[in-house]
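One structure coming up, written as structure tokens, with questions to follow.
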Amino acid sequence: MDGMLALAADNLLSPIILFFVLGVMAAFARSDLSIPEAIAKGMSIYLLFAIGFKGGAAVADNGIDATLLLSLVAGLVLSFALPLVAFMLLRAMTRLSVVDAAAVAGHYGSISIVTFVAATSVVQSAGLTSEGYMVAVAAVMEAPAILSALWLIARFSKGTTKMDAGLLREILLNGSIVLLIGSFLIGVITGTDGLTMIAPFIVTPFQGVLCLFLLDMGLVAGRGLREARGVLKPGLFLFGVLMPVIGSMFGLLAGSLLELSTGGIVLFMTLAASASYIAVPAAMRVALPEANPSIYLTLSLGVTFPFNLTLGIPLYLAVATLVTGG
Amino acid sequence: MDGMLALAADNLLSPIILFFVLGVMAAFARSDLSIPEAIAKGMSIYLLFAIGFKGGAAVADNGIDATLLLSLVAGLVLSFALPLVAFMLLRAMTRLSVVDAAAVAGHYGSISIVTFVAATSVVQSAGLTSEGYMVAVAAVMEAPAILSALWLIARFSKGTTKMDAGLLREILLNGSIVLLIGSFLIGVITGTDGLTMIAPFIVTPFQGVLCLFLLDMGLVAGRGLREARGVLKPGLFLFGVLMPVIGSMFGLLAGSLLELSTGGIVLFMTLAASASYIAVPAAMRVALPEANPSIYLTLSLGVTFPFNLTLGIPLYLAVATLVTGG
Amino acid sequence: MDGMLALAADNLLSPIILFFVLGVMAAFARSDLSIPEAIAKGMSIYLLFAIGFKGGAAVADNGIDATLLLSLVAGLVLSFALPLVAFMLLRAMTRLSVVDAAAVAGHYGSISIVTFVAATSVVQSAGLTSEGYMVAVAAVMEAPAILSALWLIARFSKGTTKMDAGLLREILLNGSIVLLIGSFLIGVITGTDGLTMIAPFIVTPFQGVLCLFLLDMGLVAGRGLREARGVLKPGLFLFGVLMPVIGSMFGLLAGSLLELSTGGIVLFMTLAASASYIAVPAAMRVALPEANPSIYLTLSLGVTFPFNLTLGIPLYLAVATLVTGG
Amino acid sequence: METHKAKRVAVIIEAIMQSRLTNAMESAGITGYSVLPVLAGGGRSGNWSRDGQISRGQGMVQVLCIISPEKLDNLLENAFPLVERHIGVITVSDCEVLRAERF
Amino acid sequence: METHKAKRVAVIIEAIMQSRLTNAMESAGITGYSVLPVLAGGGRSGNWSRDGQISRGQGMVQVLCIISPEKLDNLLENAFPLVERHIGVITVSDCEVLRAERF
Amino acid sequence: METHKAKRVAVIIEAIMQSRLTNAMESAGITGYSVLPVLAGGGRSGNWSRDGQISRGQGMVQVLCIISPEKLDNLLENAFPLVERHIGVITVSDCEVLRAERF
């Protein structure tokens, strides 16, 4: 317990978290500090490129692990299943309409890649390693949850959704999925040689870029929270911190069954715990325009993301360490 | 004297200055070379982030210096006072109206962060160190001069200014102040550990980014000069090179009284000598729309900035070395 | 022959090429992956800045080579002459109108700086060195081909072109020429000292940035090819792979006569083989609006660029090694 | 200079709907349009801005379409169903064009 | 398709004045607007462009506001004092809107 | 509030032609204009978009010019030759302005 508190404190005082907090505070104080859209997008491309490639190079280094495929399948299943859990919880805990509840639920089956990156960095600082292919698991978990959300609507509401072929392609060939998987594969192909060649770009400056990126996330999350105060009823807020913990338990289960390393389990827990704030919102705007975006965005980016970043990840690390005994 | 000439020559032939000159020449030749706005803004965010953090980490390393607080106060006083000096000088040397003179004066009480960064790099090359908290001094000197400018108008002109509460907040919570102070504090909190973690991002590539940034500054300053040729009457031009030297003397006085290190004194002189070209112009457009922006922008960015960059900083370094005898 | 195949295979599996392929595939699959325009422009500024400076520093290191001037002249001559070759070939091989053929021809006299950068990196991996001033040769080869294209029109068509003074200035003071030559000169002036200072920015992360940049090139080339399928008649396509090989022979001749190093010859071949896709298209839109941009853009960026990147450069390297015997 | 009557249709719509709208227009035989960026806005669903947006890239754009008057109804009928369930604004105004044969 | 008369008010104004203008509009009960970027311009105070500007970010924007005709005077009266001392342009034109209840 | 009749001329033109157009306007004594970015478009020469463009930076822009009606012909005559050989669209519409002395 003490160890866990120390861990949480350590995490809370890392530059990464502090820059996130700076962003939130600047937004609350209505400072005009802002990162240009192109720079923010550029940094997120950098992060995807870097973690995809590093994951791939790690796989090339260790050889293909027998559990790779099973992990992908487990990720798929979780992404499909978690929205159902979230939906039931939301219907029980909040007064959201079916449409809004389904839309929110979809976000929690999918993942947030920055949360994943932050967890990777915590895992590393704790001196643990993890399976390089966890980035591939992250990629396959992005989209399925959207289908679950649409199924929930079809099942529980009279409303119609517009799941056209175009949308399906957009979801599956989403830029961040393509970049993550593509960089992963290139990492696998070029291996350690490739990594050595571009390490001064994707390894050494990584933490610094992550700080700036989280500053931007803080600004955006803070602005979102300020605008959407009215939306955040207590039940909803509670869901926003409870659901990631529940999700993480599913991740723990999957990771343990697959006998992943402790670090790998932490990452799986984090993936299951995190909520999408880019891919799923975009799909929801197309397929489910009636759902209120400020509800799902505020929950996912304003509540669950900060929770995971500050308390969640250290918690998942502590639990995983406890369970695997090392 | 010889040493100083060598110093100036050295400075003039550093990549940083040469890229600035390249930018000015490209602008004069009407080349279409330009740095995208988002990249320029991204680089300035990078510079603020990096120098704030490094300053904070240095303070964490050396312990809080007793003179920190006094230095901040001295900075505040200078920022309030220098516009009065500048105003009197302008009324004596030029034929500017009260409104234009007050607007220009406000710029010279405030500071230019890039000039400060360039000075830091010269101080370093000269093998000197400086107080890490000088970046905090820079931050507190940004805004007060604006209030002085508005006071000058209220005192000497019939015109009214619009100093609404919104403007005051905008000035104090100006993005660059928030980022600089925020990064400084995070540097103080995370100290050397934090710095080690992100040094490959904020320390090693710093000089290179600074070159590109100054290329952009040169382009923008050059374009400004080309468009505003008509504005630059001899008296005004003279003010643009005289005022920084006078300002630097006030900085020298403050730095000497505070018994700062030689490097610290150079930085204080540079802050006092430099003129704002972002924060103050923006405030002036809101509060004093009648003042002619091409006058204050041309003076601050087209005359004083290049002067400080090329001749001013080596001069301040030579004088400070002479005065402190080290 | 075996060695050459191995070389080609090596090249094809380098991260740089693989990221280009990823971009093309993403575009073909109509993924929404895209690099923001400002970031793409920022990266191209970075590349020009870096190779210009490195080239200049290398010249400073080796002393001015007697053949520098002759190489520049040879570059000029090639840039003027190659469009004539290309024009004849196009008139023989395709059914393009005089206007379209002249416009395309202009592109092949000029150069693609990214192809040049990729060749530099292949030359380096092969353990060869090259003359630092080849970047200056690249710069002088950008513009003359445009004049040849306009001359071809004047000579062979009744159409009029609008070669106003403004256009001439735009072509000669084109941003990328100014940045390349400017950085080169600053590299010459500041030499190894300057390079040491900014190497962590322009040397170590270079390959990584290049990967991202080629990802973007792949996306753009892929989208162009997808949109312009109809344009690519067999004769045209054949020209797009034949012309670079012919061009490279002229480059080989020039490089051999000048007795450049093997690496230098490879770069000269690459310059002659590559086709412009920024400077020349822009000039053509102004001077020759009747020419169909999708023809010249598709050929230059969709056919010749990928050809050079994947097969051309290894071929030129093999040939140059054969000819110089080492 | 001789000008001809035309209609200027401006649709402010979410960026993610842009390609759906222009595809629908193309199917209806309307191929000329331009898309302009929108930085910020306000409406019944609150204020937003590209900078402060929870998820950037989900802002709005303005699709501008100059057409000859007789094609207006066709355009509106094809564009409207797409916009109907979504937030946004459609305006139509009169204008004059040179080179009428192009519209 | 049924359309209704409305007014299109376009205010080109310095970016730093944007929030002051939209706040003033909101106080006057006008909540629908869109802000479009402006890249460059020229006028009595000379030419400027976002690229070559001495201090970037101080460019201009265009605030676009579609309102029902009876609200026009209210808007102009509230917007004008803000714009008055500043550089910029206000234009008003007629347009038609679908879904008139929104304006 | 008192308004005055004016013309709103909008020219969608390739970015590389922008300075040539505004220069031509200035020579014709017309100094007030604003340039707006265009992200994407479609027309007789196909579709393009700033993101997917073979050579970025070669997109289009919209040059907006508010003028008093009597200057319209002068503007069109000076602008037209430049635009004539190039792709793009010119529209003219009626509008009202405040502070008519400025136009």
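Labels A, B, C, D, E and F are assigned to the chains in the order they are written; within every chain, residues are numbered from 1.
We adopt the following convention: a residue touches a chain if its C-beta (ideal position, glycine included) is under 8 Å from a C-beta of that chain, and two chains touch if they have at least 3 such contacts.
Being a predicted model, the structure only gives us computed values, none of them experimental.
Between the contact lists of subunit D and subunit E, the overlap consists of F. Touch-path distance (fewest steps) from subunit A to subunit E is 2.
Ranked by separation of Cα centres from subunit D, the top chain is B.
Here A-C and C-F are compared, and the pair linked by more C-beta contacts is A-C.
The most distant chain from subunit E is C, comparing centres defined as mean Cα coordinates.
Each chain gets a centre from the mean of its Cα atoms; for subunit B and subunit E, those two points are 35 Å apart.
Rounded to a whole number, the gap between the C-alpha centres of subunit B and subunit D is 45 angstrom. In subunit B, 34, 36-39, 41-42, 200, 205 are the positions where the chain touches two or more neighbouring chains simultaneously. Contact with two or more other chains is made by residues 36-37, 47, 93-94 of subunit F. Touching pairs of chains, sorted by label, consist of A-B, A-C, A-D, B-C, B-E, C-F, D-E, D-F, E-F. Across the complex, subunit B is touched by residues 14, 16-17, 19-20, 46-47, 50-58, 85-87 of subunit E.
Every residue of subunit B that touches subunit A in the complex is listed here, in rising order: 36-39, 41-42, 45-46, 49, 53, 169-170, 173-176, 178-179, 182-183, 186, 189-190, 194, 197-198, 200-202, 205.
Considering their complex, residues 12, 36-44, 47, 49, 60, 62, 73, 76-77, 80, 89-94 of subunit E touch subunit F. Within the complex formed with subunit E, the subunit F residues making contact are 1, 3, 6, 8, 18, 22, 26, 31-37, 61, 66, 93-99, 102. Residues of subunit C touching subunit F in their complex: 27, 34, 37, 40-41, 166, 219-221, 223-224, 227, 277-278, 281-282, 285-286, 289-290, 293-294, 297-298, 301-302.
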